[in-house]
């Protein structure tokens, strides 16, 4: 089987160029523009001194996320969800995933009774918006927590580890790391993997778009994802040192 | 580490008693009550002679699913989604999963321009409602397709294989098959696996509820799931022969 | 005029076979499956230790009801109200009727500041779903109240009498008791009657679907309803003794 | 038992002063302000040259109704339904009743494929808004039909009889005709009756607000309603002659 | 350029006949029917002893407005917003304008922690409904405040001046005061002006429907509006003296 | 009266630094990031080969706009409209204003039966988002039209002139051009002015936030706006030449 040829001569196990811009907007406690190639997501972390009802009086905080896509982030314009009056199932699925991924590295007790509200808004889409969102949201959350610590509101960080995410998939028989849009459309199997800096899994979501996939294929995809996430965690670390 | 003790002395790799009742209601082309222990889901398959806009004129059919939970299917009553005016993110996530799982074993071309509408309604919940729903929906879909063939509307079945689903998770260090509600609440890692009769993956959705999980843990969970699904596929087969 | 011939040789003043199954599901304080022939409705009664705003601090309780129909309870699939985002006028009309009927036999003062929430979900429809719902809901409410008394939360029952309901109508000139679907569609006049165990009226809702009906016709229908409800109240009593 | 004393010395079987003003607004094909004492409802009938989907191609027309209450039609302001984003169950129940009542005297075949859309908007409420609405809507519909006939669009009227409505109820043991607000609040039993000009029933909706009512009480109420409706039909006739 | 000929020989700078009927309905603290020619708007002012969240504990009151149009107030019937489930952008724009205009002459401190809720409902439309609404709402608000003062709840009026509104526009080159519907449809430029009794501006909203307008045209329109509003304020004053 | 001191020593009649970045995102036919100081709005123009129902078969095109604000574009996070399920009145008011402003310089006949859909999304807010949106949307629309002409779909531009917008207001007695957020909050009078490149008015919306304003004040504000818009039109022209 000949290998699928990627745009720009990218290798099968190669991430797209990743750029992480901190302080992209001025009001949010954490504000990060993350780019995975042509995919651009603005991730903000807002601190609110209240928690949702199910956490009130618990001494614990909460971390949650919302996701949106600007109508013309995509090749053809999609409806504005605010105008249609509801978020799509896809949007809800993604924002729930981002929220769980963030909570996976948060000690909610240590956060205290406050909420970190993550907002991920896709300015431009070319595949992988949810994985870019998670990877960027972690950096925004770090900045928001740093602000709380600088203000003396927290003595130690409630963040217990790094978290990043990447998509992997099989296109025309070739396992690929970090799918761009045309690869995503063409792939038989598509998997989003969220891992910690220690290489443990927070979420694995694999879907056979065409034929069902074998255990062997899953193992190859997981290996690719592990490699990609290790690189993303290093890129997050460098961005946070800048 | 001592093993977690399951209710009723169930072994860690043992399914709950599964009952599949075909023809549970009279109007639907396929109507199955499936029980995984105390979890009871009514799965109906309805045939409609039209397709959604994105399939019109394509010569292909469509398979889609909706999911609901009766308000008092659960320990404490939950709000009726119809009264609240919207389906929760959880509901949408589940019904999208059921739809993709069904489409994973359907040849939409062979179905022709008609829709198989799956409805999964939880009458009683005790964990694993989405996996019971997928497992039961497959049987309902088989019955609906058999009816189309008996009516001469289809010459050969558009269903290309069996599909079933099961949950697995790690509770107090013990990997368990087919979690019931109290196990689901207590588990650190929770994974829903959808596989075909040939043992290939259609969907894998693993979530670390507490600590992130290791590759070794994932491998153990996948092995458990594979065992459970092989048994479920056999139970489906026997039910369809009855 | 020759009499309309009913399916199964049923007499004009004869109820369909009625089955009342208590404890149909395990979580609700009262859970009853009621069947009027092929019509099957699951009625649950849930006890909640709070009341709606208009009763807070009044010392009185509240009894209310919601009604739903599974999408494929009917001959052709109907839209899922949760997915459409609103309950139809018909649904609201029915659930308001069930709530008023239940309150008709409740002493809200004696109930104390708690709510009995009735849920009636139609699993299979063949006419008369609202009257079956009321008749079954009464049994579920009795069970829920018995539980409150067994727990010592209530010293005496707040239920002051039985309540049951039946439909009557005129089809091709023949007054009929307990209409099934094909009779309901064909009838000129359709009346739903809710009465207490003492034979007093809680609700009477008569509608001329075709020609307006005369006082004489109404009198015949009321007589039929009275007969049917007396039988239903007896069936409730026997079910509660079981 | 002493009789309940009504405001203004009104007799138990006496209607409030009824005023019917045709041509109250200028745009609608029929526009009637109807007053039952202090209750004032603006009823318009609009002709539209199309029918809803279920009547398309049937050769038959449709008659339907919507109902609304201005926010400050009542003693204390109620929420504006348009602002809240949905019609209450009560509103839907009433507008469905008005629609059925109107259709009860329409020959939809003779109407042809057009819709008579009735709008009943309560400008001021003092009990009996739905019965005033039905009584006024009939006059508005007559005017709309007269316009269609004058334009040569209809050769003969599709209206086959008069229809009017009144409320009756038992307050402190006294059966009363045409309840005003304070009587409505105080009544044990409340019945809305819709009858044709020939004295046949189109709708009967009786509700025990407090204790269930007896057959004897119902008979007294029906007799009162019959008297009231005969008077209303005469008032409609006189208004149409003016 | 010849001047545009107005219906009824109205001069370009002439208002339509204005009628202000106080006490039009009985329940509201202020209730005014205002007519600008064939445009008829019912304006009520309701006093509520609470304020919205953003004013709680501030010692200040609030004045707000809602606007609606009966479905058949217009030449062809428009959808009922309550049935459609949302207010149009136009409706929201208008009710926000009315609210701001009223607050422009209210001293919210002097009002105390209560709300004046204005409701403007168009019974019949012939252009200028929003300006009629503002002009009538002021009179209704005056009546509501007078009632509060008569009850001793307010020692001095929180209303610091009169406010009225009128539309102006340029039709076929002629600047016109108080546009009726056919003029509104034909106009190139349309301006709604809200002014106080002292001749100061509360709101100016000018829109070029066709070609952009010049400063000179705006000056002419503002002069016309000033004349019209002076007359309207005088008509309000006379109505309040009646 | 001493003049109000602006941040950064800005003169009362001075615009904030304006930056116009064309081609900010890759998919839209026109994509412009416009910055008025710290206010940043992404304006895209999308071409769609269809028109809304009211234009079908008319031979004319349509230009419309939607507006949104990212939840954390502001000092404190505001609710996501898509999650709340409706657009606020403010949002609708703004997007209607943008749409009318764009149509003010479009010859819809010359556009042909296609739609230019403008989306203005605020990434960061510091006052003047609607005026920045209009000014940027014009540039995006120019780029979209240029693309249509380059593709040979249009022979001549349907854009008949430039359009830009600016806010003006009176803060502590000083008339100011181009208000930033803290000035907007503090101002007594606030006016948004939309003008063409020829200096004619498309929209004028003035609001007295505190005391009503005089004709003399309005004249001063209009003069300031005229100056500002002349500069903005020049900045648009330079950006389009780049």
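For reference, chains read A, B, C, D, E and F in written order, and residue numbers begin at 1 within each chain.
Convention: a residue touches a chain if its C-beta (ideal position, glycine included) is under 8 Å from a C-beta of that chain, and two chains touch if they have at least 3 such contacts.
Worth saying up front: this structure is predicted, and the values here are computed from it rather than measured.
Between chain B and chain F, the least number of touching-chain steps is 2.
Listed candidates were D-E, A-B or B-C; the one reproducing the E-F interface, defined as more than half of contact pairs identical by residue number, is A-B.
Once the centre of each chain is set as its mean CA position, chain C and chain F turn out to be 59 Å apart. If you average the CA atoms of chain A and of chain F, the two centres end up 33 Å from each other. With centres taken as mean Cα positions, chain D sits 28 Å from chain C.
Contact with two or more other chains is made by residues 85-86 of chain F. The ring of touching chains, read from chain A in the direction of chain F, comes out as A, F, E, D, C, B. By the touch criterion given at the top, residues 86, 89-90, 92-93, 95-96, 100, 104, 161, 191, 195-196, 198-208, 211-215, 218, 222 of chain A touch chain B in their complex. On the side of chain C, the complex with chain B involves touching residues 25-28, 31, 38, 40, 42, 44, 46, 48, 66, 68, 70-75, 77, 80-83, 85-87, 91, 117, 119, 121, 123-125.
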